[in-house]
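Following are the structures in question.
What follows is subunit A paired twice: with subunit B in the first complex and subunit C in the second.
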Partner chain A sequence: MKPRLLLSLAAAMLLAGCVTHETGSSSGIATVNPGYRPDVKTDEAGIWLTADKAEADLRDSANRVRDPALNALVSDMVCKLAAEYCGDLRPYVVRVPHFNATASPNGAISIWSGLLIRARTESELAAVVGHEITHYARRHTLARFRNARENTDVAAVLGLLGATTGVAQIAELPHVIAVGNIQAFSRDNERESDEEGFNRLVKAGYEPSAAADVWKRILDLKKAKHEFEYESYEDRTVRLFVASHPPSEEREKSLRELAEKTAKPTVPPPDRLRQALVGVRLDFLLDEVKLGQFRESKALFELLLKDDPLPGQIYYALGELYRKRAKDDDELVSMSYFHQACEAMGAPPEAFRMVATIRWRRGEKELAKEYFRRYLNAAPDAGDRDLITHYLGS
Partner chain B sequence: MTRRLLPLLLLIALSACESWQKIPPGAVKLSDKAEVVTTQTWSGQGDRDGFLWTQDGPGMDSLFFHLGIKDGKTLFEDQDVEKNHSFILKLMNRQPDQISFRFSKTMTEWEIVEFFTTSWGKLAGDVPVKVENMAPASLDGHPGIRFQYSYTPKDELRRRGFGIAAVVDDKLYVVHYLGSAIYHFDKNKAEAEHVIASLKIKKG
Partner chain C sequence: MFTSFRLVLVAALALSVSACATRTLSTTDKLTRDVAQPKILLMPADVELSELTAGGLTELNADWTLSGQRNLKAALNEHLAKLNARFSEYQPLAQDDPHYDTFQQLQKLHGVTGINIQNYAFPPAPGLPGKEGKFNWALGPATTMLAESTDSQYALFVWLRDSYTSSGRRALKLAAAILFGVQMEGGKQVGYASLVDLKTGEIVWFNLLARESGDLRDLASARESVDTLLTGLPQ
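After this line comes the complex of A and B, so read on.
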């Protein structure tokens, strides 16, 4: 077969492949019905089997957060958003310090601790969870699986035909196009989830602008992380070609437009997030510090400080961030934050210990001892009591 | 000249990838400045970050020797972000948004333990490492700190561990032992304690 004929055939097949799937009902996959379980003879049953196994691991995971107050809030919020699917969804909070939530095809929803400290209101958290519920309701995992299978099947055949030309680039081209198709399909799924997730958010009585607000925050944090290189980073064509999600700017803009067209809720939306996080947030903040991403974490903590009811925790986390970086005057900056933490609401006992530690190192032993005593008063059962007593006696 | 140098460079590269060795009972010289005594047989391996000994396999129980970490260095070389940052990106003045957790000779005991647990948690895949206890201790007579810790890595098998750290001649020495909380930690702990207690550090 002549290479030119092969290429024409390849192009025709790929173009046909491009219009096979769209999101929504035109994808040929119906929205899930409440109480749904797939027939055991289908490919979907296989996907569910894998998801069931992953959920069993998640349920028993040591990193699952079992705090009752937080789990109560999340369960209630998921039910509000899911409405008819309330009985089919099982939310899990997990201690993973990155911004994310996931929905499995079998109804397991995981909410990551990094998301919980980045969402400033219950409405913002609900916006992300509503998006995930849509992935479940629209059976996006199954749609993506089938889309990927069809695209890679076509690419394999065309790649084989292309190989007969003896030109490696022609053999590779169908695979590159397949990746582009698969990722474009994924981005369409995400757009659909943004839109339907927004509708769920509004229907459940949450703040409509929260969906755009949460993406604005993620964008701001990304900019802080990448500083001056941000524009070129996001604009790279290759990144857009292979990205599984639309750019954050696009998501924020679309969600902002939807919010502007939507009436505000008549009753103030519930905002129980901060209260529900009281028992676990300090651990989440310190997990963030341990990621070692100085610029992003600093931007996040400064943002949280604006109206946080427990600023002692934030000041302590900022102090830890500077102490760990340990450059130039970082120790003095960290001590200043630790001092502010000691005098603020929500101060963790460790803030006193850190002031004492730095004062001790600087030779200010009497002042250090005062803060060691304050530490022991605040944490009488501390695991390092013997060590503190040793310092106080020296 | 290049042809003659190539085999030599290959030999150097290969020798850097040390394989497992049998550590028989008796005195073991870990480096010019550190040696220990063991009464049991271990399997051991050394690399640029220190030495790892195990009895039942590194996933089950491990005895680690981090010997002589200098001021400003990371616990693991791979965690030195600035050092591993691409030369081209450095030229373009693009700095990664990543802190390298480094040892400082002025660290207090808490900070040393915290430096250890943060570096270890990062190695285990950004998992939290919980310090359960800290108390004054000595390592070959040098004042230091003993600590206990636990964590659950991605394999969901909880690990328990303990270690002793001390600063000698401005360098950090950390020897720690860990094992599966359900079985191996208790099984080999006594021998690990014995080995750690036998550590001799040569000053200067």
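After this line comes the complex of A and C, so read on.
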């Protein structure tokens, strides 16, 4: 493995020198015109057909978030960031508890719930969405497909020629180089999207430092997850070679440099994210709990607690995080979080019920009844009202 | 892995694919006749036509796919008419129709079930342990919605992926054959037709098509493909 890898890395480095870019575009493909649809005879039409199918699935998916306030915000944001594509871009919010957003070549944009709870301001969300809009505007999917086709074609021919030598490494080499080239091309697209996404962010009047801030957050959370550096040097080299995106550290640094060179907006940028999330955020937080990544989730929730207007939701999620891990004293810790939730703004009624059921199990029936009553006060139409009334009567 | 060894492997697989055009799994060879002439609901076919690039990527071709869809639809209608079957095409529902979600879910469920039957129910796959060698796959009771809203007893689902060798790939195949005497993989036609009893939700007949020939880009070839795909359809 090792000598082969070194050889291919060396070859990839040689080839990387040959890659040229046209000014302003990492792919050499023209920026998409407003209202564009590809001709049915082109390779791009095939890519759009796939994207149209995926979009229909997304539109009908039970995982799509249909909350009107949140959808109104993302639609408005997309048009602020790209007025010229306002009629071509269709944002969808989806309930996927990871940090990501995607842009399809046909103009469908999906914004994941995990991003929505990690972004702390509208500007931070706009930074990621602006990046995705650049993928659309610059037709990166088409560019990547053509690049992959060229590279695999060349590799197939060279691989066949290499096979005539009867030496396995020589026959394999073109394929390894192709993978490296394809991924390097993808990283260039990402850098272009970071840069142009940043320009869109600033032009729309958002906070310039938000782009770097969001990457800083992701790095901090990653560090919280891995308390020690577990990757060996070799692992890291391989990962850099095959990665589709530049390392987060690099992205934060370049975006920070761009922000430092840019004037702050003259009017304070809009920040409607928290208000738009009111109806759905608790669900998103509880999806995060279900990921079973205790350290990262705990770090995220503690970070959110710093200045959140609805800490009751976050205390509740922290309580759930401990209750579901169920190690040693976790039930006690979770109960203390549920108590904190009950006294904080934004407490979900379930926080009262959680305190009540844990207290009940511990034999503290009077205290439990008090919280069952508070639960029914907070949720008079609760589906389990009869059951709770039964507890109260016993 | 040594490339030429991989080529041999691919060639062996290709041979095993071409040995038989269709294979059938079924629970019956006759339609249940609770009504004198059971009606078959023809579901929207899921079809994609692609080009196999020299490097081995499958590149979806929109133009071919659109004509493939048209030809397939016409050929399916002709075939069922030839069999004297009573059938009707499913009419797509509006998004605010109360049945819309159930319909979409059934389409998706059949897609997933079809893939699993393809992958696990046909040898050389060992079969799923829970199935104990039986062919018993079902979409569940929600299919009654289709029966009631369209007055049908059966639904026919068709899924097809057709790929064609690009000129670059053809040149490469030729070179591989001359240099090493091996047969590189080319375009192929894979897919299935599946008949569902809407009363029980059971898949009563499943025909798997896998071959290195067949075409959907013109109507005559599409007819041949549909005749092959629907060989042995219960009547």
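Everything below uses one rule, namely that the second predicted complex is superposed on the first by the 362 of 394 C-alpha atoms of A that agree within 3 Å, B and C clash if a C-alpha of one lies under 4 Å from a C-alpha of the other, contacts with A are read in each partner's own complex, and residues count from 1 in each chain.
Criterion: a contact is a pair of C-beta atoms (placed from the backbone, for glycine too) under 8 Å apart; a residue touches a chain by one contact, two chains touch by 3 or more.
Here the structure is a predicted model, which means the values were calculated and not measured.
Asks: Contacts for A:Asp386 in the overlay, against subunit B (first) and subunit C (second): which applies, first, second, both or neither?
Replies: So A:Asp386 only meets subunit B here.
Asks: With the two complexes superposed on chain A, say which partner A:Pro97 touches: subunit B (first), subunit C (second), both, or neither.
Replies: first
Asks: Of the two partner chains, subunit B (first) and subunit C (second), which one does A:Ala326 touch, if any: first, second, both, or neither?
Replies: First partner only.
Asks: Which partner chains sit in contact with A:Tyr36 here, subunit B, subunit C, both or neither? Use first/second/both/neither.
Replies: Neither: A:Tyr36 stays clear of subunit B and subunit C.
Asks: Output check: A:Gly292 vs subunit B and subunit C. Expected answer is one of first, second, both, neither. What do you get?
Replies: A:Gly292: touches subunit B, not subunit C.
Asks: State whether A:Asp60 touches subunit B only (first), subunit C only (second), both chains, or neither.
Replies: A:Asp60 contacts both subunit B and subunit C.
Asks: What residues on subunit A does subunit C touch that subunit B touches too?
Replies: Touching subunit B and subunit C on subunit A: residues 57, 60.
Asks: If we count contacts the way the header does, which residues on subunit B are in touch with subunit A in the complex?
Replies: 81, 94, 97-102, 104, 106, 108-111, 118, 121-122, 126-128, 131-136, 145, 152, 156, 158
Asks: Using the touch rule from the top, collect the residues of subunit A that touch subunit B in their complex.
Replies: By the definition above, subunit A touches subunit B via 57, 60-63, 95-97, 225-226, 229, 283, 287, 290-296, 323-326, 353, 357, 360-361, 383-384, 386-387, 390.
Asks: Can you check the complex and tell me which residues of subunit A touch subunit C?
Replies: Interface residues on subunit A, with respect to subunit C: 40-43, 45-50, 57, 60, 145, 148-149, 151-157, 159-160, 162-164, 168, 171-172, 178.
Asks: Applying the document's contact rule, which stretches of subunit C touch subunit A when the two form their complex?
Replies: Against subunit A, the touching part of subunit C is residues 1-4, 7, 48, 50, 53-57, 59-63, 65-66, 101, 104, 108, 168, 172, 175-176, 179-180.
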